Amino acid sequence: MTKTITDVVCPFCGTLCDDIEVIVSDDGKKLIEVDNACVIGTEKFLHSQSSDRITRPRMHQDDGSWKEISYDEAVEYTAQMLAKAKKPLMFGWSSTNCEAQSVGNEIAEMSRACCDNTAATCHGTSLIAIQDVGLPSCTLGEIKNRADRIIFWGCNPAHAHPRHMSRYSIFPRGFFTGKGQMSRKLIVVDPRVTDTAKMADIHLQVEQGQDYELLDALRVAFKGEWLPDVVAGIPSEKIREAADVLKSGRFGIIFFGMGVTQSLGKNHNIDEAIAVTKDLNEYTKFSIMPMRGHYNVTGSGEVFAWQFGFPYAVDLTRGFARYNPGDTSTIDLLTRGEIDAMLTIGSDPGAHFPISAVKPIANMPSVCIDPHLTPTSGVSKLHVPVAFNGVETGGNCYRMDNVPIDCRKVVEPPEGMLTDEEFLIKVRDRLKQLKGAA
Amino acid sequence: METVTITMKNAPALYLEADNVSPDAFAGKTAAQIAELSVHEGNTTSTLGKYFEVIGNAGATAADTKIVVKGDVKKVKYLGFKMTAGELVIEGNTDLYVGAWMTGGKILAKGNIEAFAATAMKGGELIVEGNAGNYLGAAYRGDWRGMSGGKILVKGNAGSDIGMYMTGGEIVVNGNIDVHALTHAEGGKLVVKGNAKSKVGGQMVDGNIFILGTIDLMMPGFKYVDTVEQEVAGVKAKFAHFIGDMGERHKKKKGQVIYGNLYTRV
Amino acid sequence: MSEYIIKNGHVFDPLQGIKGDKKDISIKDGKIVDKVSSSAKVIDAKDKTVMAGAVEIHAHIAGPKVNLGRIYRPEDKLFSCTPTHGMERMGGGASIPTTFKTGYEYAKMGYTTAMEAAMPPLFSRHVHEEIRDTPIIDEGAFPVFGNNWFVMEYLKNHEIENTAAYCAWLLRATKGYAIKIVNPGGTEAWGWGLNCLSIHDPVPYFDITPAEIIKGLIEANEYLGLPHSMHIHPNNLGNPGCYETTLDTLKLAEGFKAKNKFGREQVMHLTHTQFHSYKGTNWGDFESGAKEVTDYLNKNKNITIDTGNVTLDETTTMTADGPFEHHLCGLNHLKWANVDVELETAAGVVPYIYSPNISVCAIQWAIGLEIPLMMKDPMRCYITTDHPNAGPFTRYPRVIKWLMSTKARETQINAFKHKDKVLSQTSIGSLDREISLYELAQMTRAGPAKSLGLSAMCGGLKPGMDADVAVYNFNPDKPVANPDDIETAFSRCAAVFKSGVLVVQNGEIISTGNKRTLWVNAKVNDNPQVMRDISEKFVKFYSMTQNNYEALGHTFVPNPYAVEVDATHA
Amino acid sequence: MTKNISLNLISGRTIQQGVAIEGGKEKPLYRTAAGIIEMDESDFKKLGVWKNTNVRVTSPYGSVVVKAIETSQGPHPGVAFIPMGPWANSIIDPNTYSTGMPTFKGTPVTVEVAANEPILLGIELVQILCGVKTA
C-alpha cells in the first residue's frame, strides 16, 4: 500500500511549484514516485532516497581522510569555531527554510558574524539596483491573468526554471488571457540562441556585456530620439520595432537573470531595465521581476531584512548591522582575506564561487551543513549532513515574486538525522553557554 | 597647527576599522588619550595604541590638528571618516572608505587607496597621489544624495562607478578610469585626463564630464551637438560636445530642458 | 503570575470616567483587579501619569510592503542601527524599523496593542512571520478587500450574504482581524495602469463602482457583526480637492447602524483623514479642507477616524493604493516600488521628505493637527501618523506635544519657511484648543479600543480587563514649563505592563512579554456556492493551490487570540 | 606550438547541470554535464578539431581541461559557454567591481587542444586547486 501527498512544494528553484504530487510508502519512510515536477525537481526528491547517502557528521583529517563523529561533537566544533572567530562568515541560507534562517540570525547576532546568502552570486546586483531605483513588480498570477508582453532578458527558463513558462509566463490561459500563448508576444534578449530564444517572436542577440547600452537605447527609442545605427550589435530599426511592441501591449513584464546580473554593467544593467519598466508605465502597464534561483534565496533576504534591515551581505561584527556590497559581500570578504572562519549552509560556494574565493575556505576553520557531498563539503573541516529541506522537513519559503509558501514534509529522514533547524538550535544553545561563560 | 604622527607597529591579522583616525576625534587630546581611542578588528574592540605608536598631541580643534599616518596601513579602513576640518596625510597604501562622508579639511594619500573613498563627500579636499578604487565620490547604497561638494584629485588611475549620484563638487583623474562614471548624476564635474572604458554618463540627468583621452564605447543616449573650445584642469583643447542621457528624465530651467554634458577631446 | 500594585499615580481612564484622581491600580494574573495581597510588588507612581496601554489602530509595521521598504532603503538605516542590548536584539531603521525595534519602540512609549493596517491576503504568511518576530505588543492585521475579485463579483449583484461568507472565509484563512478597503476599485484599475478617482468611476471590466463596493462591505461587515467596522482609505488620496471625494465616501455610511456584541458604535472607520482633507485645485492654491470634513463628522456619529499626522521627517510612504505611489514618484522622482497582487490588491512604496521649507508639507502638518483639534468627540478621533506614511510612529510624543500645547504649535509655525502660507491656507493659527490628558487617553486608549471592538479587553483599567498599563513621568499637577517636557515624558515610560507582565522599566525593555496575535473567527452558515467559487478561482487564476493558501500553521501564529463571532443566521 | 583560439567565455545554468547537481556532485554525470565547453561550429573549424575533443581553456585567472562539444543553443560565433560549476569557476573573472558580484560572464579565454589530458571530477578538481588533495 502507498499514499499520495498532494500540494507538495518543490524545493529546487524560485518558481516554487506547489502542485507536486508525491507517492510514498505507507509507513512514510520511502518516497516512491514524483508527479508534476520538472526533471530537476524530480531528481531532487528522488536523490534523498539514494543508498550511498552520508548520514552522520564527518571531520576532515590531516591525511585527507574523513572521520565520522557524533552530532554533539559537530555542535561543539561549530559553536567553538564561532565563539573564537574574530570575523566569522555564515553563508548560504538559500536552500533552507525561514525557520532555520531565523535561528541562524540569532547565532550570527551572538557571534557577531557576517551573514550573507546566495544573492552574493545571483541577484545581489539586482538588490543593489532595486535600492537605487526601486522595483515596479507583481505576483506571478498577475502575469498569468493579464500579461500580453513577456521579455526574458539574460535568462533561460527552458533550462533554469523549467515550469515557469507553463505555469505563469507563456502558455497558461488566465482571466484576461484566454488564448494563452496566442495572446502574448515574447521577446528574448540573449547573446546565445537559447532554447528560450527559439520560442521568441523577437530575439535580440545582444553583444555580450552590452546590455546596459541596449537598455539605454530602448529608452531613447521610447522617446523617439536619435540613435546610432547599431547598438550592442542590434540595428536601431530592430530596437525601435521592439520598443513599439512593448509600448503597444496592455500589460508587460521583464523577467531577467544571470545574463544581466553577472555581466559587465552588473547592477546598472538591472537599474536601466527597471528604468525601462518605469518608462513603459507612461504608455501602458509594465512590471519587472528577477528570476530567483535557489528556492528560498528570496526568503533569506526577507528574514534578514525584517530582523536586521538588509537583504544580504550583512555585517554584524561591530555589534550592529551594516551593509555595503563590495565591503560586506561574501566574494569580497573571501578574496580580500577579511574573515577567519566560515560556516556554509544551504548552498555550495565550492562549486559556484570563483576558485580564488574558494581557496581561503580550505585554509580556515570551516563547517559545511549540507545533505549532499559537494565541493564545499570537500574542502571544509567539518561536514554536517542534514535532512533534505522540503522533502524530509517542511518550513516556510518565498517564491521569486516574494509570495510565501509553506513547504511540506513528505518522508522521514534516515534514522537519527537532524534538520538544519534542529542542528542550528543545538549550536545556538551551546554558543549561549560559551558566551555566558566568557 | 599641531601634528600627531601615528605609526603602525602591530599590523592586524584581519582588517582594522580606524574610524577614529580623524582630526575631529583627535582634537583636544594628548598622545596618551589618542592612544586610548577605540579601533575594531572584526568583532573585537581595542585601542589605537595597541596597533599604532602615537607621537604628538592634537590641537584644540580639528581645524588645528594634522595627522600623519605612517607604516603599513594597507589593511586599515575608514581613515579620515566623517572629518570636518584639519589635515590627514597617509604615507602608504590604505584600504576602504578614506575620507568617507567628509565635509571639510584636507586629506593627502601618498599611495593607493581602495573603494568607497569620499563616499557622499560634502566638502573639503582629497588628493590621491597613487590610484583610487571603485565608487570614488559616490553615494551610499540606496541613497540618491551622492557627492555634493568638495574636490577630489587622483594623480593615478581611478576605478569604476566614480561620482555615482553626484550632485556637486569636482573630481579630476589624471590617469584612466574604469567603467561607469557619474551614473545618475544631477550635477558636479568630472575631468579625466586619460581614457575611459564604457558606460560613461549613463542615466545622467545633469552635470559635466570631460574626457581628454578616449572612450572605448559611447552610451547610445548621448547625442552630438557641437564642437567647442574649452579650458579644463589647466588644459586648453577642442572638444566634441554631447548631451544626454537622452533616455533619462531631465529637469527644465526657464522652459529649457537641461541635459548632462559629455565632452571628448577631438 | 506575580501581583503588582501601582501606587498614588494620577489615573486617566475614560472607560471609568477617571480624570486624573490619585488611585492605585492592582494587577494579578495578568488582569486588573480590585485588590491584591500585601506581597504584591509596589510600583511608585507618585507625581506620575497612569493610563491603560495605548492602542494603535492603523500602522504599516509588518508584511511585504513594509519589508520591501526595509530591503530597498539601506540609507534609512545608515549610522542608526542599534546593538544588542540587555533583552533587546539588534535593531535598525528610522522610518521602517526592524520587527524587534518596532516592538521595543511601541512598548517604551506605552503602547501594548497595534494593528497592521493592510495585509495582502496572498502574503498573510509573511505578515504573520513578522508579527511573530515583533516582541511584546499584541497585534492584528487587516486583510484588504476593496479590490478583491470575489467581492466585486458578488457586490455587482449586491449579494451581501455571499460577500459576508467570503469575508469570513478569508479572515479565517489569513488570520485577519477586520475588513480593510484601500482605494476601492482604483487598485484593480491600476492592474491596467488606471485609477478610480471618484466613488462613481466604474472599475474596468468588473462593471461596479467604488460606491457600491464601499456600501456593500459596510453591509457585509454588519451582517457578520465583526468587532471592528469597515476600515477605509478612500479614493483620490492626497490630491488637492480630494476632500469632496472624502465627503462623498462618508455619506455612504448614512442610514447604517452598527450591529455587533462588542460595544462598537461606528459602521465606518476613515483612516489617515489628513491625506483626505485637501481643498484647492492644484499645489499652488492648495489649502485645508479639515473644517468641511470635521463639520460633517461632528454631525454624523456612526463614523470614527484617525488623523495621519505629518511629522516633518524624511520617511517612506507605502500603501495598497498602487496608483497613488506611481503618481507620487512622478512628483518627487525618488525610487518607486510596486507590487500588484493577483485577484486581490496591490502596493506601492516611495521615500518622501516632508520638508518644513516646502509650503505643501507645512500645510499638511497643519491639517493633521486641525482635524483632532476640530473634532468635538475625542472618542471618535485617534492619533496616528499612518506610520510610516506621514511620519514614523516613534514621533507620537511629538504629535502629542503639538496637540497639548499651543505654544509648541506656535514655535513650529514660526519655524516654517512659508509661515504666511500655512496661516492663510489653514486655520491652525486660530485654534487655541489644548488636548487634555483625559482627551489624550480617549484618543489613544479608550477610543481606538472601542472602535476595534476590544473595549472589554484593553484600552481601560477596569477590573477584569487585561493588565495593559503605562506609567509616564508626567505630573498633571505641575504646569508645563517647556512643551518639550511633554515629548520627553511620552517618549519613554517609567513602567509598562503588558497583560500583567512588567515589560518596560525606566524606559528600558526588561521582558519581551507574552505577545499575542489577534484575529477574528466569524462563523457563518454553510455556503456551498461561495466554496465552489473559491475552489474554481484557485484552479483557474491563482498561482498557488487552495490547500497551500489555506495552510497557516502554528509556526506562523504561535500565540493566537481568536475573537469569536457567531454570524450564523437562521 | 599548438594552435589556439580566443573566445569570450560565459557560464550559466543548463537543465543537464541542474539534474546532475541534484543527482550528486561526486558522480561522473556531473562532469559529463558541466565539465564541457559549448562552442560554435565555426569556432571548431578555427581550432581545427572534431567535436567531443578534450581542450584546455585558459584565462588570466586559471586553466582547466574540459570536453569541447558543439553548442545546441547557437549560433554564437566567438562566444563559448561552460555550464556553471567548478570547471567554469576555475577560470572566470573574479572581479566584482566592488559590487560583490564576480564577472561570471564575459571572460576572455584561449582554447587549445588537450586531447590526452584528463577531465577531473567536480569535487576533486576543487580539492586539488585548493591544495587539500594532490592529483
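Order as written gives the chain letters A, B, C and D; numbering starts at 1 within each chain.
Definition applied: a residue touches a chain if its C-beta (ideal position, glycine included) is under 8 Å from a C-beta of that chain, and two chains touch if they have at least 3 such contacts.
Nothing here was measured: the structure is a model prediction, and the numbers come from that model.
Looking at chain B and chain C, the chains in contact with each of them are A. With chains reduced to the mean position of their C-alpha atoms, the one farthest from chain C is D. Judged by contacting C-beta pairs, the busier of the interfaces B-D and A-B is A-B. Overall, the chain located most centrally, as judged by its C-alpha mean against the mean of all protein C-alpha atoms, is A. Taking each chain's centre as the mean of its C-alpha atoms, chain B lies 39 Å from chain D.
With centres defined as mean CA coordinates, chain C is found 35 Å away from chain A. Rounded to whole angstrom, the centroid-to-centroid distance between chain A and chain D, based on C-alpha atoms, equals 23 Å.
Shown for chain A are the residues in touch with two or more other chains, namely 128, 131-132, 264, 316, 318-319, 323-327. Looking at chain C, one finds that residues 72-74, 76, 335 touch two or more other chains. Listed for chain B are residues 115-116, 134-135, 140-142, 144, 179, each touching two or more other chains. If touching chains are joined by edges, the resulting network of the protein chains shown has some other shape, matching none of path, cycle, star or complete graph. Chain contact summary for the complex, chain A toward chain D: residues 12, 39-40, 43-44, 47, 50, 60, 64, 120-121, 124-125, 128, 156, 158-160, 162, 191-195, 197, 205, 208-209, 258-259, 261-264, 266-267, 293, 313, 325-327, 329-332, 335, 348, 350-359, 361-363, 372-375, 378-379.
If you check the complex, the residues on chain D that touch chain A are 8, 10, 12-15, 18-19, 21-26, 61-62, 71-76, 79, 81, 84-86, 89-90, 92-94, 96-106, 122-127, 129-133. On the chain A side of its complex with chain C, the touching residues are 6-7, 9, 18-19, 98-99, 102, 109, 127, 130-142, 144-146, 167-168, 174-176, 250-251, 278, 281, 284-285, 287, 301-303, 305-311, 316, 318-324, 395-396, 398, 402-406.
Of all residues in chain B, only 13-15, 17, 40-44, 77, 96-97, 115-116, 134-135, 140-142, 144, 179-180, 183-184, 198-199, 202-203, 217-221, 223, 245-248 touch chain A in the complex they form. Listing the residues of chain A that touch chain B in their complex gives 85-87, 111-113, 128, 131-132, 210, 212-213, 216-220, 222-223, 225-228, 231, 264-265, 268, 271-272, 275, 279, 316-319, 323-327, 336-340.
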